[in-house]
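Okay, so chain A shows up in both of these, paired with chain B first and chain C after.
Up next, the complex of A and B:
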């Protein structure tokens, strides 16, 4: 397509430049009922999976229909969402912190028409465009990252693993049968963008080989001290290297015995690529939460050290997740999150009930703090 | 890696326009970058920032932190942006011939 100018003049880039205006104020986009009753809500109810009602002091009601969103969406799909909002909700809608879509209507008789409309919409391949659900003690959307769509440090894909997992647990998105809400999160490397470290079940991309060193370009592309300081186990040191043509260059040496393949050094230095088809895969973590309800927030803990990348459906990974969800659903008490449950029954029982193998990889060995994760008591179940 | 030519000098650059090798830097490079960085005339203050960045890089092997750059030049961050509209990383470091900033930028 030919170039179409927006009015920006590259010859005078600072002319007519608008800056530091921040986001639009959220009140500009409030549905009227929300605006009128802000700060005056009395109570709410979950009418059915995916449908909420909030009642205000004035007696006003607002019904919310929550639908799953793939998070990665085209402009076309956003327009379709806008069409639905125009048709049923006077043009208003919102997205949740788990990237679900919420349509709000101000009376009960509008709910059924909106639900019927949403249920009818499917992609050509057959999947629901706007599946209703994600409320209460079920499984809501998966917070995830960029994966092979856009990032340069991933060890696995985000959108693919998330689609495979949500297909596996779809009935729990549309149901509220679990003891408490179960949050699944996904991050494609251990930068852990998102909520992996604090979710009930977490999918995490993981490498198993040390980085390769591109000696020829390293000193040109990288600030060597940054790469050294980026290593959590101090496996990297500066070194001179002789190229095949005899020139001596500044470079790095990696102690493979100390490297745990985190990939931090590649983040800082493009000459240390680390991803590997066979080496890369997935780690599963379990038992994190961020709410303060009953128990304080917890970090999630590694329970499966490695699962291969099996594109495009990651069957081994989804099966393990399925086993964990089922064991939790049948064994935990009401209101118990996965971490609460595992700590009550003991982690040795957790592994037994979920039929997960315990390997030495799961035993913490990172610095002093590892000691506190070992068991300094005789209290243990056989 | 693409090659650009300016005033008889050749520079190898990456897709973001950073010099591939700090050692290939010459003063022509700064003149070449001026236009796309939105700088009309190079003042002494521009050269001051560039020289300090280069000295620091030669000495320490890294680009200085923004606070250090402010302290060494005596310019507040706001003034550095006035000199280099794309900022100290994309603007000043690029013109000084330093490697491209990395990490979660």
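Up next, the complex of A and C:
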């Protein structure tokens, strides 16, 4: 493993340095039919799940085959994607915001061969490499975060919970039987590096224990004032601590009652580790949406306060998700998103229909957001 | 033969959905065989060890990645995130395993050759594992060592004409929906605006000078496919001011059942014949539509552009021609003070590439000036707006208050007046007062 220089010389780091050039220009990567018809698209149609056609004013057409993919992707798999694009699509492809891969062709004749090629490709373990779907009134790919694969604050794994969930709802990835689109999102801690707070169903990794304090190292590793200031509930204060050998060190004290386990202090100070096998797990949220269609965007609501991490397939979590999807599929009206359905039937009915127990943890008690969620009417259902 | 036993992860290889475990095993095998004769610059068994450390997390129910570490490329404060394993003896291949964020092209369009060139760099100088894409939108390279960072950056900039993305307290890599490149709903060229602003603000993107992260997202229409209204400090959502264009023949084709509603999105189930009254007119939130004989009528002045009718009948209805963006500000996830949706700041702003989008950049820069001055450490724009008040933001941006700024006027009359708004100001003479009011 000899070191190979790219041409960069650490002795003269400024020599020939190129900075701030930004991304490549998107037009280099437009398929020709896209370039020719940009801004002049007339309509689209979903021919079958995962297959779209867009028709331009000129009469030109572009057919898109959308495939699901794990967002964690190897270079070898990306090269395979490139080979498919070269073989069928003149080398052009794109990714969607929800981690799907889109292969585009400019004529209907090319669709069947591409579909057949994609369907045949499987991993050694048996799963599809490029399942076609993710369109219309169905479930698209799950946007998610890093989890245990690469993050320092997660309360659960992301890739694993997503794989388990997508296996469970796979038929709805490849079908469009639901009353409206249903979007699932996953974030492995409260930081939510994705918009799970506005998704139809959200899987959220959550800690339930206040951080530990590594007194021996805290003062050496951390800016104490920064750690104190990071706490949104003012639960942290400075404190002297006596180590077993009698040495007195500057450290912190935590008012555990006030901690909401957000992990912000850990981000500021690595001597406050928060993760815990029993403490960590999953929160499920429901009913959010982004679109302005019919009614305004909505936040997701917490419907299950805690499910423990059940590696490797999180069966309790996927079963609750399955129950919610089925109750929604059979009960909601056409065009009604999950949150709209829950509001129409009432949340008390939502819990009943989805067979989810309502617990005291679901009553908001965080700051002024809470008041607006308590019921101030006698209009409720028995 | 795998380097580590992974009995728990192996259970994630079955089932139809693409298995990231199978994919990682494939990459580990490709590296071990090295048929391409790559001169690996980080340990060959990095992906084996990545599987090993993930398996250990599945056993412990806890992450094994350490906190941060300051690494990066010369002159940049963002784009690279330090990452170290907390079990380096067990997994030396991933002892140092930093993330590199690479700026993605607008719309996430690619050509195979470019992706291969990226992989040439990454499979040689990193683990070969990526996120396509990270939640912010960048191409994410997972896992390399510090001494490779400048080499990767050199090759990206010199050979691939590509830059790093953003991380830390700076402008995060902007991201957009597909926009007018392939969507008939798009009210502007999201790719064009996203690319322009990404380049204009490279300094803000690479050198953290902000109180906290700052995100731009660009949605072509109120459907919001890139979720800008929920997750970006400044959200640019395409809209229009004039009338929805109607093709009455196509309306009849929907009624007659010749065209499937909603672009065929409901084909998986028999919902019965399309009923324009029930499915479109009665669901219109402003009740601004009706049929007059065979003609669909819209009172456009009352339309709030929710998109439902256009989504339901895309071949009959089109967005107007007088288009621009609505700018909303302050969205964020719950950390730290609770979730916030974007609040409407500018109902309509022109999107004009001819003058370098001057109307848009004017709003952006007035907001940054204020936030950089007043924002506390780790305070998102949305939190500052709540602390200082929406009126303050109108003041700093010079935007006039408008009923569109609220969902309803205030319920409490605790109105703060500025001294210069009240005739005579606040300084008064108590002696003069006492002439007519005894103690």
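As a working rule, the second predicted complex is superposed on the first by the 382 of 382 C-alpha atoms of A that agree within 3 Å, B and C clash if a C-alpha of one lies under 4 Å from a C-alpha of the other, contacts with A are read in each partner's own complex, and residues count from 1 in each chain.
In this section, a residue touches a chain if its C-beta (ideal position, glycine included) is under 8 Å from a C-beta of that chain, and two chains touch if they have at least 3 such contacts.
It should be emphasised that the depicted structure is a prediction, and the values quoted were computed from it without experimental measurement.
Contacts of A:126 after superposition on the shared chain: chain C is touched, whereas chain B is not. Legend: residue contacts after superposition of the two complexes on their common chain; A:97 is shown touching chain C, with no touch to chain B.
Between chain B and chain C, C contacts the larger number of chain A residues. Shared-chain residue A:246: touches no atom of chain B or chain C. Of the two partner chains, chain C is the only one touched by A:290; chain B is not.
Using the contact criterion defined above for the overlaid structures, shared-chain residue A:366 touches chain C, although it does not reach chain B. In the overlay built on the shared chain, the residue A:220 is in contact with chain B alone; chain C does not reach it.
Shared-chain residue A:59: touches no atom of chain B or chain C.
In the three-chain superposition model, chain A touches both chain B and chain C at residues 13-14, 191, 226, 267, 270. Those residues of chain B whose C-beta lies close enough to touch chain A in the complex are 20-22, 38, 57, 60-63, 85, 99-100, 102-104. Against chain B, the residues of chain A that register as touching in their complex are 13-14, 191, 217, 220-226, 267-270.
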